[in-house]
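Per-chain numbering from 1; labels A, B and C assigned in written order.
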Amino acid sequence: MLSTEHVSLTIRDKTLLKDLSLTIKPGEVLAVLGPNGAGKSTLLKLLSAELKPSQGQITLNAKPLTAWTKAEQARLRAVLPQSSRLSFPFSAEEVVMMGRIPYRHSHTHNQNRQAVHAALQIAHVEHLAQRLFTSLSGGEQQRVQLARVLAQLWQVDSEQARYLLLDEPTSALDLAHQHHVLGLAQHLAKTWNLGVLTVLHDLNLAALYADQIAILKEGQLQTYGEPQTSLAPSHIQQAFAVEVEVMPYPLQVNRPLVITQRPNFNQFTTLTL
Amino acid sequence: MRFLPLLLGAFFSLILSLSVQAEEHKPLRVVSVGGALTEIVYALQADAYLVGVDTTSLYPEAATKLPQVGYQRQLSAEGVLSLKPDLVLVTEEAGPPAVLEQIQAAGIQLVKLPSEYSAEGVMMKIQGVADALHKPAEGKQLSDAFMADLAAVQARLAHTEQPKVVFLLSMGKGSPMAAGRATAAHAMIGLAGGQNAFADTHTGYKPVSTEAMIAANPDLLLVSKDTLTSLGGIDKALNAIPGLKLTKAGKHRRIVTMEGLHLLGFGPRLPQAAAELATLFHTQSN
Amino acid sequence: MNKRSQGLLISLVLLLLVMTILALGIGAVEIPAAQVLRILAQQLGWPMANPPDAGQITVLVEIRAPRVALGILVGAGLAITGATIQGLFRNPLADPGLIGISSGAALAAVSVIVLGATVFQGLSSALGAYTLPLAAFIGSLLVTGLVYRLAKLEGRTDIATMLLAGIAINALLGAATGLLTYAANDTQLRTLTFWLMGSLGSATWTQVLTTLPLILLPVLVLPWFAPALNAVLLGEAEAGHLGFNLERIKQVLIVLVALIVGTAVALTGVIGFVGLVVPHLLRLAFGPDHRLLLPASALLGASLLLVADLIARTVVNPAELPIGIITALIGGPFFLWLLNRYRHRSF
């Protein structure tokens, strides 16, 4: 398990996260939702050890995160960034190969190449392998990066549970690929026994693919639980300040469907008149 | 026919003995680095020995036809060695030091002569070059003539007025720099019967402010021909040099020029240069 | 490492070998190739019936050979340094000369030359031959750290900020150097001119051998950081996710870079553009993978500097040009071409 225990983060008198406790369980997808500035990215940085909590602690497989070396962490946890700033002319395959850097001493070159090919296949980017990463579209780059983090976790002989952290993985993708990526995350959670955390903006994507949903607001955990309970209209209204209706998802058992009401601008128009 | 080998033998032994004799007066191969040194080599009529000179060796004209070893402060060890010299004449200005060491390490005689800006300095150069070229008699003759000429010039200037002179050096960019003490120009102004207007303010070449120029109030401005050309002639120079217009030199448009190397070379032609400069001083200041 | 990479490295080793032989064989003093080999054999203790000409031995062994060795060291050092900081700064236009690292080294060295007799006297006598390299090392270390801090924006260095910081620092150091020339005497001024132009002309075996480890060790150690630099190109956070302790690695890399540039400047003065041109040519042809780029840059940089020095010392024979002029003549237009290229599309 990868968990935060009563974690707070304060930077220069500004509280970014407050008393946050949640757990990513192997085999499950945890979706983190929340309005802009709620602390989702901060949470991801804490879990990926880019930032250290001011209070509380983070544990990875029952040991404090700080007790693992950076190299050990890299074999247990991969992070998909929101966007990529790679500006040097690597081929897509070379980028995916970088996911195997943590295994450059422990595995043979051939083993690592196999992992890269498997990752390219499951991320549906095999046809892009020889293209220059910088020449790809935003969505293609995102999928190649996904292949890279999958290559990083592609390790059949691991006894430890591994974790995949996704920061808005669907932001640059078309409809088909949004579902492909989240479906894949769900599938790998089950088959590779991965613990997946994904930051999302689309409530219905979360409703469809997440096993657990956490909603953050102003640095605090507001709601945490299964989709049916966490996506109650009152929770959503409280967090996002929008009027919603929630109904059962057609043909999907135990999955809610969130329908957002159009905002009402009458108050403003009367004001100007 | 039996005599032939004998004859040949005799012939060769004759040649051999001649060449052994010639060994003592074997023509030297000399590289001269420094305009003054090259002039001295010519004045000693040893120019046949010269196989290379540096970029400051511009007089006499014939010297410019010789292979160039480059700027005297940026010599190349291998370049100098490629001329297969027996003797390399340099002044203290030559460098870089490591290159001079390499030339010596290659077994080449390197004679380093002082580059003092004085008559004594020139005498030391003449003597040093003459000794290195094994021409002590010619050296003595040259230095005697040099001293006599210089004494004559000095005698002529003993009771003349001493105009205040400022020498400016154009460095290509920025304001021109004025010669202070310990410069060739300072020494030359003195030898020509003038006094350096900036003798008391600084040593070496320093840029001077408008106010310093007005305070110095020189009677004459002395520049090299190249500097005057780069300043764009007398009229432009008067405007370009800060404060000059407000000095006596500026008001009376007294600007004196000489060819730079002749003026500052401190070679065997020093007496002539001093005499020419003195004439320029006094025709201008009257 | 694949066959293509191995092939490239082997070709570059061969190229360097050929350039070394050419650089040893060509010069103002004519020494035929066969004679070069005979002298080398004789130097290695090969018995010889009629030994080669003593003058030629001196030129080859005492003048040309240390110069060639220095060229290889400095060329390899500057090129691998360029490749490293381009990776570390995630910025393909970083060059030790352009961003002021070399100037920092030069200023520190100039300070020691000018003020050495008075201010740093104790230091100079204690450190001997290492005084200049050490001072230059400290100078380049400070500037590298400073530019990195100034130009870093959201985890990468912004090209414009970095170049502007470089201009500012170069101007500042130029002014400080200019100020020091007022305090310098004539002999020191001559040494300063040498610094600012760059030259391999003063190479001696003592000098090359005493400072050899200061460049050679970092050059040999740097390729070890290739995976980390590759990861850095993805992003600093990403490099952390891939298991690298980036803060530590950055510190080590900056120290290694400063060590190479400082020593190189102390030995040869400022020689620009090698660190820019070499990694670029290699990246254009073989991609940005540092596992290949770093060793290949070292090899090609050494060859390039040997060619530049060969031109510098033969083109106005028997005089010679400062090598900095040659590298700037090659590098200046190349840099403008790169700027234009990057203005129109990403790297």
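The working rule: a residue touches a chain if its C-beta (ideal position, glycine included) is under 8 Å from a C-beta of that chain, and two chains touch if they have at least 3 such contacts.
Quantities reported herein were computed from a predicted structural model and do not represent experimental measurements.
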Most central chain, Cα average position: C
Longest centre-to-centre distance from subunit A, chain (CA-based): B
Rounded Å distance, subunit A centre to subunit C centre (Cα mean): 44
Interchain centroid distance [CA atoms averaged], subunit B/subunit C, Å: 38
Gap in Å, rounded to a whole number, between the CA centres of subunit B and subunit A: 80
Multi-partner residues of subunit B (each touching 2 or more other chains): none
Contacting residues of subunit C [partner subunit B, same complex]: 27-30, 54-55, 58-59, 62-64, 182, 186, 190-191, 193-194, 197, 199, 201-204, 207, 313, 316-320, 322
Interface residues, subunit A side, partner subunit C - complex: 45, 48-50, 69-75, 77-79, 81, 84-91, 94-95, 98-99, 101-102, 104, 134, 152
Residue ranges of subunit C in contact with subunit A within the complex: 90, 92, 155-156, 227, 230-231, 233-235, 237-238, 240-245, 283, 287-289, 346-347
Complex interface listing, subunit B residues touching subunit C: 52, 55, 67-71, 73-84, 93, 95-99, 101-102, 105-107, 204, 206
